[in-house]
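After this come two complexes, each holding subunit A, first together with subunit B and then together with subunit C.
What follows is the complex of A and B.
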């Protein structure tokens, strides 16, 4: 193996280690959150302990000394809890959660290339408090203080004889191919040979082993991680593997010198109790999985997008050459379109994550916010396994965090106020996710005071968001809380900020094509309901022409399509123009206005009735409808630049680019701007 | 409930028949390791798979009368959890 190959392997293993850390940290958070409801559950403390232990073990193998030190300290405290010396309570869970955050920070720092990390002293002090007299003993110089070995044994610094052979530690990761066994060798022999060199600690990663029904007995699924403490040289280890060829892959790394003080003393390691391999939660789905770099999945999504575009090109050429749909070529192309469609849906599903990852973080937010506001809040999570595209999930965390904080700070009343109102002093906050009509719905429901429409109206007038006397229905009044700078609280709090939140929430959700709805009942509570697309990669839309150019309008925003009669458009005053529709009228926007080019309105014969998230409608006038289809979304900023009126773009079968309408923009700035100029048109 | 007597050699050659025997176990995995003199990597893997299957099904997994050699071999390969499994996996 060349030095270059070795470095590549090491980098790959480091990445796997960080991935595993992320998994352990997620599990840690999950178990800590669950521990709050079941403080007596010893299995949860055991799992938490194993998570920290697992991170520590890996960190030691890579010489991440600060991570080893902190996780060891954390683990020592957890050990006291799992042994029953100490009891879990709200305060200890708060400390554990802080420690989990600290662990996340250290892992993140090392992942980003850092080599040292200093944990906030108050966190360390909190932990040492639990260790009691052991921790309060006078400590020697700081560098020598934490001379713990990676197995969790503490020992005092020892004088080392210069001539005495020095021990070294090696981390060895072993994977074997089926051929290894076919030619008569066995992993058992290798491990015995390593044992002959010194003391070994073996951990087996069995996650990849299929269930009996699916296993192929000749295949090899296991990976072994060995920590070898030996006085022998590196060459002695290499000799064991020399004759294994490519059938056995051994990645051997020396535990670096800076971790030297964590070396195992000549203690009887064999007698040390080792923990079973970390099983990631008892509720975990036990299915065979393959770890794949997310960038590869993203690339696959992009490639399938290109495939969809090519499919469109074939169909476009077929139409141009008048190839009948019921011809052999036509039926093959139709079958291929279906296959590509299925392929696309499958790959997009591969990129979907359970919303649990976001909900778990919110558990923390609820606890902290409740503590800061001195309120009692019970969090109920539903539909945590609902899957959402990763690209959406990444952008969902911040707005949800803000909404949860708001719900507790502004929605749920203090225990005293609730008691006076005859409510349970403990407020209820329910987070719920589910699928409906091809979209993901996330609800944030509280049983607090509910929104006060009169108060919101007054505040909006005071803030000059609306004019006094302006007639608004209840839903329109509720939606005022999403206006920039709106806040109904008399005092700015540390929790929900200064009224700059909800407009940002709305904008953030719009960026992921999300819509938000409010329903509220005074004194009973509020439900914020967020509707999200399953993916941002594909959009179902109607393609239309205006002034010779192609555009797409998302199908979710089209509530009706009618023939447009320009002579019926009428002036309704104050620069506004309308078009009769059912029992009322609609504001009018011409698609040609988007292009800022002179247009012949006689060509404009089709009217889309477009609806936004507030169920407001407008008439959007175009020349001609081309087709309804699924379109692969291309980011404008990445490929060109941001263009007002358009959220994204797509590439059509003929290679042309079609812009996809930003409907919210049409209802916002554009409607206001264009209404005045429409006076000249009609 | 039937007890599956394990042979002296759980080596590479035995992995295939071992997998077939384990697949026939309807629900509980109760194995007798008193005669085992050696456990190889592939059979170790089969035991892990049976353990995981039992976990998945909420069924039992237990190796009884473990011989010293089997214990040492399992420990050597990191299989302490197989030794500790009793009743429901």
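What follows is the complex of A and C.
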């Protein structure tokens, strides 16, 4: 193996380590938040301890000394809480949360190639305070020195564990039930695990094996007697057997050192393990998971997409050959379609993550923002288990962060103001996720001052976004905050004024087909709701024909479909037409014009009333509707670049490509045309 | 690099070559799905086993000939994670690629063509123009 390969491998392992760190940190945050509600729960402290411990373990393996040092310090403090020497209260949870933030800082620093990291002294001082609380010298004068001491000391115990000379011997007698093998386990795994702890001597007792004629193939007749010489504690042996549950009976006895040379006791009766089933229930609440490279799942999604396309091909061929739907072939193909549909939904959920991963990062944002703005904020999370496609989740983090900052900075009032208004000085920020009619809704709700329509209006006039005197309803006024240029340098604060306004939030949500709505009431608070698709890889759409070519329009952009009567269309200006709809008129866009093909517009019979995010409508004229269906979305930028009018494409049953209409782009174009014609006149 | 092979194809009556390492697939020419506002040399997009891939008329893009020649084959090339299909008149054969034998293009050849070519490789009584894959992709994505 060349050195290059070696470093590649190391890098890969490092990446896995960081992945695991992220998982542990998420779990840590989760447990810490839960600890606030039930500080007495010892199991939570245990889990927290284990998280920090496993980060420390990994860090030691990669020589990240600063990380080892800090996590060790943290761990030592947690150990005091775990052992019951100290008890958890609001203050200690605050310190733990700070430490967790510091840990994630160190981890991300190392992840980005850093090699040293200084933890803020006040955090280590806080921790050190817990360690020193029963020490005899609590004088603050020696604080500085003691910090040094702790740092100096902290690395040592890791080594002590290795150097500890106190070898012990245990006798272990194993018997297994048939279920043990049925679960695919193997006694060798246990022996190997034990060997990892120290030296083992194994004897197999085969006395119980009956004559061949009497053997019941499912039964296990063997007993293993093991003499283990190890430096590790009794707990580490128990840990190995924890995994096996009831299917494996292990009788573990500690053998006194002087008895080293004695034979393995033939009938040891001692401590019986009685509690593993109970512990199992409380300790491992995580369901079994398998770590799979996300690219493999992406590939799976792609392959199933192709399966869907092939299915379409079969069905269109059957229609062409007039195969009746109730024939045998017809019913098999219909059943197959159902199966593929289910398969597709299942695989897409494999790519889904609970929104928790994003929400939990926000816990920190809330704490920091609250500190910077000197406000008191309580964060409530709801529906954290709601699952969202990974590709969407990735792009959700930034806008949500920004909105949470905004809600605290601009929404929630200072404790004094709140008290005056008769509110709880502690503001409430609620993040809620749930599913509604096939979309994911994420709400950010605060109980702050609410949006002030008059102020927004004034400001929009000031920034020349609207003209003075323009009549707008309440919703329209609220949506002004999403206009580019609404939030500007004038209101830069430490927190939310980082040069990104709500317009950027809206734009990034649009990229993932998200929509945002505001409801607010003055003095009571504001709710921003974001509506997101469940996945970006499949859309529901209507396939239509224009000038012989097939296209797809996403169904959520179509608000109505009507028969188009060309004689009712009227000329407005050069190349511009209007069409009556309900009690008003819509701008008309002919699909054939988009395609640059000469058309006599004779075949155009159908009018889609299409709608964008802002609920603006236009009439989009096509030749005919073919079908409504689900389409696998293919990104054009994968192999090409952005093209006008169509951001994505799909593959039809006949193998041809059909473009998916980008409705937002279309409205943008319409607007540009309007503006350029204005300029021409000027 | 000595020892590498090149795929030889024709555009009209001229012969060109491309390093075989860049070739992903060769298919019979079929009509692409056109899209609006595409550059004149882009025929549209095609579906290759579930991927949507742009199809470029190589002769038109390089300015080899004004009127589109008969197109019989599509060569799919891969460069920097992107796959693009190029329609050509025909795929002829495979030859050795030897950059040391490359001769520079004559001074008066058109600028467009020069941009896309590495040089001329004389093979027996034939003249084979060696195409620069990076330039092909840059040109196609404009």
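Following the convention adopted for this analysis, the second predicted complex is superposed on the first by the 388 of 682 C-alpha atoms of A that agree within 3 Å, B and C clash if a C-alpha of one lies under 4 Å from a C-alpha of the other, contacts with A are read in each partner's own complex, and residues count from 1 in each chain.
We take it that a residue touches a chain if its C-beta (ideal position, glycine included) is under 8 Å from a C-beta of that chain, and two chains touch if they have at least 3 such contacts.
Treat the numbers as computed from the prediction; the structure is a model and nothing was measured.
Student: Going by the contact rule set out at the top, does A:231 touch subunit B (first), subunit C (second), both, or neither?
Tutor: A:231: touches no partner chain.
Student: Should A:565 be classified as contacting the first partner (subunit B), the second (subunit C), both, or neither?
Tutor: So A:565 meets neither subunit B nor subunit C here.
Student: So, does A:217 touch the first partner subunit B, the second partner subunit C, both, or neither?
Tutor: A:217 sits against subunit B, while subunit C stays out of touch.
Student: Per the contact definition in the header, classify A:462: touching subunit B only (first), subunit C only (second), both, or neither.
Tutor: Neither partner.
Student: Just subunit B (first), just subunit C (second), both, or neither: which does A:305 touch?
Tutor: second
Student: Check the residue A:37 against both partner chains and state whether it touches subunit B (first), subunit C (second), both, or neither.
Tutor: So A:37 meets neither subunit B nor subunit C here.
Student: So in the complex, which bits of subunit A are touching subunit C?
Tutor: On the subunit A side, the touching residues are 302-303, 305-306, 309, 549, 594-596, 634-636, 638-641, 643-646, 649, 651, 655-659.
Student: Touching subunit A in the complex: which residues of subunit C?
Tutor: 32-38, 44-47, 49-54, 82-84, 141
Student: Considering only the defined contacts, which subunit B positions touch subunit A in the complex?
Tutor: Where subunit B meets subunit A, its residues are 11-12, 15-16, 18-19, 22-23, 38-42, 44-46, 48-50, 52-53, 55-56, 73, 75-81, 84.
Student: Going by the contact rule at the top, pick out the subunit A residues touching subunit B in the complex.
Tutor: Contacts found on subunit A: 176, 181-182, 184, 186-188, 191-192, 195, 202-204, 206, 209-213, 215, 217-218, 220-222, 224, 274, 276-277, 286.
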